[in-house]
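Letters A, B, C, D and E mark the chains in the order given here, with residues in each chain numbered from 1 onward.
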Amino acid sequence: MTERVREILSWYESDNPGTLSKLASILNHGKLGGTGRMVILPVDQGFEHGPARSFAPNPPAYDPRYHFELAIAAGCNAYAAPLGFLEAGARTYAGQLPLILKVNDHDVLNDEKDPNQALTSTVDDALRLGCGAVGFTIYPGSEHRLEMYQEIRDFAEEAKRNGLAVVIWSYPRGSSLSKKGETAIDVCGYAAHIAAQLGAHIIKVKLPTREIEQEEARKIYEKEKIPIGTLAERVRHVVQCAFGGRRIVIFSGGPAETDETLLQEVRGIREGGGFGSIIGRNSFQRRRGDALKLLDEIMTIYRS
Amino acid sequence: MTERVREILSWYESDNPGTLSKLASILNHGKLGGTGRMVILPVDQGFEHGPARSFAPNPPAYDPRYHFELAIAAGCNAYAAPLGFLEAGARTYAGQLPLILKVNDHDVLNDEKDPNQALTSTVDDALRLGCGAVGFTIYPGSEHRLEMYQEIRDFAEEAKRNGLAVVIWSYPRGSSLSKKGETAIDVCGYAAHIAAQLGAHIIKVKLPTREIEQEEARKIYEKEKIPIGTLAERVRHVVQCAFGGRRIVIFSGGPAETDETLLQEVRGIREGGGFGSIIGRNSFQRRRGDALKLLDEIMTIYRS
Amino acid sequence: MTERVREILSWYESDNPGTLSKLASILNHGKLGGTGRMVILPVDQGFEHGPARSFAPNPPAYDPRYHFELAIAAGCNAYAAPLGFLEAGARTYAGQLPLILKVNDHDVLNDEKDPNQALTSTVDDALRLGCGAVGFTIYPGSEHRLEMYQEIRDFAEEAKRNGLAVVIWSYPRGSSLSKKGETAIDVCGYAAHIAAQLGAHIIKVKLPTREIEQEEARKIYEKEKIPIGTLAERVRHVVQCAFGGRRIVIFSGGPAETDETLLQEVRGIREGGGFGSIIGRNSFQRRRGDALKLLDEIMTIYRS
Amino acid sequence: MTERVREILSWYESDNPGTLSKLASILNHGKLGGTGRMVILPVDQGFEHGPARSFAPNPPAYDPRYHFELAIAAGCNAYAAPLGFLEAGARTYAGQLPLILKVNDHDVLNDEKDPNQALTSTVDDALRLGCGAVGFTIYPGSEHRLEMYQEIRDFAEEAKRNGLAVVIWSYPRGSSLSKKGETAIDVCGYAAHIAAQLGAHIIKVKLPTREIEQEEARKIYEKEKIPIGTLAERVRHVVQCAFGGRRIVIFSGGPAETDETLLQEVRGIREGGGFGSIIGRNSFQRRRGDALKLLDEIMTIYRS
Amino acid sequence: MTERVREILSWYESDNPGTLSKLASILNHGKLGGTGRMVILPVDQGFEHGPARSFAPNPPAYDPRYHFELAIAAGCNAYAAPLGFLEAGARTYAGQLPLILKVNDHDVLNDEKDPNQALTSTVDDALRLGCGAVGFTIYPGSEHRLEMYQEIRDFAEEAKRNGLAVVIWSYPRGSSLSKKGETAIDVCGYAAHIAAQLGAHIIKVKLPTREIEQEEARKIYEKEKIPIGTLAERVRHVVQCAFGGRRIVIFSGGPAETDETLLQEVRGIREGGGFGSIIGRNSFQRRRGDALKLLDEIMTIYRS
């Protein structure tokens, strides 16, 4: 148990030892184990965007076992997926890496301006499958956001009582936000803060841009001269928004960019004090060897 | 226990032996027993479309016993129906064939653009009636789809805990889809994937056409040159969308076509690696002898 | 136990001794302990307005521990915050001051004309964190107000059964009110009364202006010559509206004013028989030393 | 919050903040508040020995309010009693001192050689009455002891989950023990250890004598030369038996002795590192003024 | 994941992936991780025999933290203890080694000829403390044995449903057995089989002697010439009695012997195909350095 992991665990002081042991198992697993940084493999895109859009670029990825094996081979800290994908490998890979059950999901066969999510699995599912955490998506900005916040309430209380950790994907979307606003720095920081207040142990947000979406927020960013010029500065600000850095915040970059862009982003996350990355499409949509190479490069940056 | 059935059961590795034994009983029953293929008789059309539309073409089919007897005589793998129909024969035919309790239903007395389903029976009902599985319908594309996904959550968890199998009818419908889109290849594959992620053991979808409904999906189908020209190719793609072929996917054709068209479709399903058919109106809306003959021809194709 | 506290507790005659002991612990804590007056530190602005708008003016306030320490150092009667903020310090500061779990929340990433709140924590959370009370916000005037009233129903019943006190933030807002109307004297008094009728033990409203919003109300204010000319008179009227003074009503002033304005308001509250203040942004958005000085001045007025 | 109280709380690391805040409130209340020592007033003798034997020596003590007032006036850390006694004063004295609900009881109308206890109140009772802790008696040595241990199981889990502390009176009695053995040093240490293993936060045992009851134990006491010659040494040993001093252990002396004997015992407890006393009959069976004087002398010793 | 661990896990085919992942975590932890052998540190002797008899030979062991640290430093596969001992360190050592909650206990203050055990903790406790398994003691041969078997029933079902593993200490004792009979080879094998039939994943028995206790058994041992002459042969027989070697069986030796005797026993267990040792008194009743040395020697034998 490294000093850094011990320090991170100390932030979650109201959680029971069961939940702390699950957080520890994620922080201590894989190539980044013990560093306080993490790279998580999430594969919910099949549900969220459809299977062909997700897996046709690399057809072995249609098979649920592929992702377990990729996450293990790459040395990721954890693998996150919906019920079906986890059921399809949880026995074969039992005890080989921490699992995060993505407990709500959304599809784009009806792609509303104000999206919502459906709860698709239970705390009992997470326990019988041996998961260490449950994961929710919320859409701050959607007119259905309050429903999502409220669904987390009972679910997370039950999860924590049973010694599980809680991960929240906080993705601003909805009719009240501009497209650019979804990743604006003020919105990103706000999204991280909401997830923290809802009781998340690990918070996932998108990388923020220099945009400011809310006029009321702009005033304060300008008045207080909050530095948001570089990616590292913006990451630092988002981490600060999540309880002054006392919550684990990790970042996703979205779909295919050039690898160099992606690695630059990782360097920015690291420099800004971010806790790591969640790398979905950039890992499972390329050939296995290429994915392992990229994930290794990412982890090398985080270890440095 | 044939090697093929053993292989299929191995895919459901997180389920308990009770659920596996129910799946095995469906896979091993009837004329296709042991082949890994299946033909299921579903009779929920009375509820879904009204009794006269369903049974007037063959009045003996008003009697619930008719369908039990037909399924048994034809050597189907299982018989699926709503609560009332099963209650009306479960004692007489106890132990004679696997039963699937259709636990949600919809009628067309109010045929909304965005349809929903009502839960109409329980896991306890399925157990007291001796059913091997419970069946849900979901309507991806409907604005109520998230409610349906969420209802499956607790229901399926309870069903599996009690050693039952779960069948999902995944029928895209709703205001966000065009009429043609409901059976478009991208939508069909997506619908199969959603059902798999929700934890279905057996997935039922409609036969897909060459259409592509979603623009975002079209890009990838074209870029990756996914073969969808023949029915067999489309079936193969849909099966792939359901966990790379590691879930049982069966197909329905919808209302009356010519028998030869229907048999051609069955040949396509078989060639494309589909697991079988669900034959409702084409069996119980003709005279018993004709139905038995057609079902025998279908099973002969699957056995070949 | 002072006579005044004893008197105040006597008003809550249908509550069980557990709830009374929690109310007593709030009334007896801190510099105003035993006076029957109270100053509460609330920090839900991070959720309600966003973290940068809330904490950038005084960056140490991003850290949840800051607020516990500020409330303790200032001698506040209680500290109120959402789940995440309380979880982040409840163990370190266990037993050091009464905590109020703010159990519903709202954000402004989708700032509807008719706002609602999401329940974000449970009675079980309040008990495991050692809170003395739970706090709700309601928006009388919003078209969603009835939902909020109704959510309080079950929640407050469970809270009281388990020996907790109930605080209601009653903030008129919504499409049916003018901006000025939100703090009109008739609306303010009405808001306090609704909170009292919903079973609140402590009611928080905004300081009322001389405005009258509702025409039906105006008639009676004028006919009965209800004195509302001075702030003290208006406070007295609002307190009267809450069961003739037999419920604890406290006041908030909103964002940054000059300190002298604020202290004048406190004098008015005190003179009008108000029970105290809830001081959020005016305390944590300035430097710690300045905040402690201001809070001390406020408490000195209430003690005098 | 003194350093000593902070240290003591740190031993209870698996408890939630709610339970810690209740422990803190007991440790911080009354004349010994903050010292890490405590004096508790227990009045369950009416149930255990009969009312005349308990209260006739000082008839005002028949009235349940007498004991609340005595504990408050004396500055005790807490008052412990069965359901009826607490119900009879919990409203009047709400918030004035920590209450411990004695949740099981025994009477001597049938004084079995192997006594048992009846559960007579619930966690819900403790919450509605505003108690900070629940208290159990166990009789190690009784042939019914396993039943008592088992009853604590669900009760204590529920109490802790709801943020209450757990006190265990561990009183060896039963056919397998000699009368002298009930307070033998080996038996006393064993009784304290059992209570700690059952999850008690505060353990109450009788003052141990120099006797050794169990032959198997005698060998080790002699071989290891465990010092048990003075009362302070014996107290030190019993405290060590309760997790090496990391659980609060308090002592009772039983019925009327001379005051000087009692004060000598208190000095021994203090010198041996005991955490305090539970003073029942020696306080309420004498006149109020005498009781207050004695309790003050006891607390003065603990403070010194 | 080694082949051997994979093979062992395959024996528990009706358990869910959650339980398998906990078994895997025990099999993969510490110096014997991956070998299929295990050494577990159990510390329930304080409860079972009294604290002085248990810890006076090595006083640091009174402190619950000592045992966590010893098990971690020695590289044991898991640490097993009752509720109180685990509560006293589960947060500090969260995630550092697998924990087994000993959920029933017995003391010798009433040392009946036919002993029983009290359930002293719950599945909820195991989950909140982050344990990987729950542990029961049964006393085959006691007239209360059927009660103990029955208590396991509900408890183990709930534990397995929640993804925990089940360990059974099977210790024949009671009025129907001679003292020698408690470790007779026929009784030992029988005890292991009963634990396996009750659904244990890991079975702990005492090392068997050459004695045969039951006359009916003697006939078959003699007729079939079951080899029981050497310790290795007897271990092999006991392992065979537990489902032909398809359950993990580990052995305890009891109190202080010479170290060489103990290491000889370990060699015998290893040679006979036993899965490991549970080393309590021989580890924590000597000085830490000596204990680490002995445990290292034991593990070296198992690794060879």
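FYI, contacts are C-beta pairs under 8 Å (C-beta built on N, C-alpha and C of every residue); 3 or more make two chains touch, one makes a residue touch a chain.
Here the structure is a predicted model, which is why all the values come from computation and not from measurement.
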- Contact-graph separation of subunit A and subunit C, given in steps at minimum: 1
- Which chains does subunit B share as contact partners with subunit D? A, E
- Compare the two sides of the subunit D and subunit E interface and say whether they are made mostly of the same residue numbers, over half shared, or of different ones. different
- Message: Taking the mean of the CA coordinates per chain, how far is subunit C from subunit E in Å?
- Response: 57
- Could you please state the distance in Å, as a whole number, between where the Cα atoms of subunit A are centred and where those of subunit E are centred? 40
- So subunit C residues touching two or more other chains come to 90-91, 124, 128-129
- Query: Looking at which chains touch which, would you call it a line, ring, star, complete or other?
  - Reply: other
- Message: If we use the touch criterion from the header, which chain pairs count as touching?
- Response: A-B, A-C, A-D, A-E, B-E, C-D, D-E
- Task: Enumerate the contact residues on subunit A facing subunit D in the complex.
- Result: 13-14, 16-17, 161
- Residue ranges of subunit E touching subunit A (in the complex, touch as defined): 1, 9, 16-25, 27-28, 90-91, 94-96, 124, 127-131, 161-163
- Note on the structure: Listed in rising order, the residues of subunit A that touch subunit B in the complex are 46-47, 49-53, 56-57, 59-60, 62-64, 66, 82-92, 105-112, 116-122, 124-125, 128-129
- Message: Could you list, by residue number, the parts of subunit B that touch subunit A in their complex?
- Response: 11-15, 140-143, 145-147, 149-150, 152-154, 157, 161, 172, 174-177, 186-187, 189-194, 196-200, 214, 216-217, 220-221, 224, 226, 237, 240-241, 243-247
